[in-house]
Amino acid sequence: MLIAVIGVAEAIPQEAAYAEAVGRLIAEGGHTLICGGRGGVMAAACRGAVEGGGITVGILPGDSPDGANPWVTVPIATGLGEARNAIITRAAGALIAIGTGWGTLSEIALAVKMGKPVVALGSAPFLADFAAGAVIWAESPDDAVRQAIAAGG
Amino acid sequence: MLIAVIGVAEAIPQEAAYAEAVGRLIAEGGHTLICGGRGGVMAAACRGAVEGGGITVGILPGDSPDGANPWVTVPIATGLGEARNAIITRAAGALIAIGTGWGTLSEIALAVKMGKPVVALGSAPFLADFAAGAVIWAESPDDAVRQAIAAGG
Amino acid sequence: MLIAVIGVAEAIPQEAAYAEAVGRLIAEGGHTLICGGRGGVMAAACRGAVEGGGITVGILPGDSPDGANPWVTVPIATGLGEARNAIITRAAGALIAIGTGWGTLSEIALAVKMGKPVVALGSAPFLADFAAGAVIWAESPDDAVRQAIAAGG
Amino acid sequence: MLIAVIGVAEAIPQEAAYAEAVGRLIAEGGHTLICGGRGGVMAAACRGAVEGGGITVGILPGDSPDGANPWVTVPIATGLGEARNAIITRAAGALIAIGTGWGTLSEIALAVKMGKPVVALGSAPFLADFAAGAVIWAESPDDAVRQAIAAGG
């Protein structure tokens, strides 16, 4: 299964630590990581997945694979700009959101609209208010990956 | 200028009334309405714009113009599914959100990410919490259109 | 019906004359012109349609409506790059190809693949060889528009 | 490097044999195969790449990975329909076309338009006429892969 990790390009240390652990667990579980291919949460998740021996797919907004972070093993330059967010959500069997920015929020909303399971880890309290019932809350990276696999399988 | 009206496909009466008034004011101001081309808020806004003598562009998710509401004068069948949301936000000079659903939320988030002005009218309180500073709040249809034109011009 | 006019951004005089006549006839027939919104064949077709009192939709590759030719009345900035070609062919009820470049060829091929009628006017002989049976050949702008309306209606 | 193999969904035996050999050589050279993920040329190329120990990326038109052929190891369901062709050409460093159908032709045209090297193997003679100078001609699968790597590197 493809599991997406979505999150901001400028991550705080805890978000990066969460993302790296999540990426590693995805790979160790035999799943493929898909993400936006850039920095922050995306880079940390890719690094973790590579450390775990996995494949990492980066769905990039620009025209060239050069914009990918160094741990993307399959860089897909789409040339679609922000519209590429809908491809990440469409391709994923489940999504794990770490932190919250506007791009991340657009992906959460698209995923829920598409009927995909979304697991939130360490996200802002406001998200809990409006996404109650639509988003699955996780307590730890291990819990997030376990719930994503269960919901998307 | 193209002004997008975004909102749910199943609108409550007040949302539909707001949308129709907003559509009419966009047309009367000499602007072009762009939306997702479906029902609810989108249909009401298109009906208002047509009553106001304007053009209405519907960016449709499916493969055929048949899915457009009857007041879409320029139906653009994209075949892109939910990815068409990013085209609405990219093409618009400003957006007016009426009510809130997941599709609408994805468009608000994409628009803010793209640096487009977003005006919210009659939206849920939770939106006010997280979108403070990124979204302009309007008190009435007239206020919403005036602020969208000012911000997008 | 939306009728697409597709062709190169650098048109020779006869191609531009054909395109302007085709655009005018589309508008005079009460149809809406859709195109890539740029120069050459696209600009000439839009100019003709505006002279004929019609609406012209430009599906632009870039992020801004600024790249549209001056006769586009509804500029749709998609931010999708070349992927926007598939939107032109998907949205059109029929297409008229004038001249041949690589972008035009991609649109002809996508349109045939989608089952859309394609009318060729003044196109290169090689196109006649491989497109026989899939593309309708026109002798004049009037013939091209008449056949596009008949096939797409 | 990502190397795309493009071709029809219903391949004749020679096209399938070419595609399988090309896929195997791409994988053995340490490159990643990208394609439309469906049958015919695409399935044969994926089978060859998997036999060669490689990764195969399928950029699918539909909403689900279920439409992928059995040798796609990374299925990307885009939900974009034919517009996904532009993603294959954008993401690839070089393309190898085997046989010719309308979908393949759209990808060749988009690739040339984007400035990507296109190598043709066993394609119809008409293609040679109009693509002379824009497309590289190969005599064998080995020649095709060697030229694709040289041109795209």
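Just so it is clear, A, B, C and D label the chains in written order, and each chain counts residues from 1 on its own.
Note that in this section a contact is a pair of C-beta atoms (placed from the backbone, for glycine too) under 8 Å apart; a residue touches a chain by one contact, two chains touch by 3 or more.
All values reported here derive from a predicted model rather than from experimental measurement.
Across A-C and B-C, the chain pair carrying more C-beta contacts is B-C.
Centre-to-centre, using mean CA coordinates, chain B is 28 Å away from chain C. Separating the CA-averaged centres of chain A and chain C is a span of 40 Å. Counting partner chains per residue, chain B has residues 63, 79-83, 86-87, 90 touching two or more of them. Taken as a contact graph, with one node per protein chain and an edge wherever two chains touch, the assembly is complete, since every chain touches every other chain.
Put simply, chain A touches chain C in their complex at residues 63, 78-83. Those residues of chain A that touch chain D in the complex are listed here as 2, 32, 34, 55, 57, 59, 63, 65, 73-80, 86-87, 90-91, 93. Residues of chain A touching chain B in their complex: 80-83, 85-87, 89-90, 101-103, 105-106, 109-110, 112-114, 124, 126-127, 129-130, 134.
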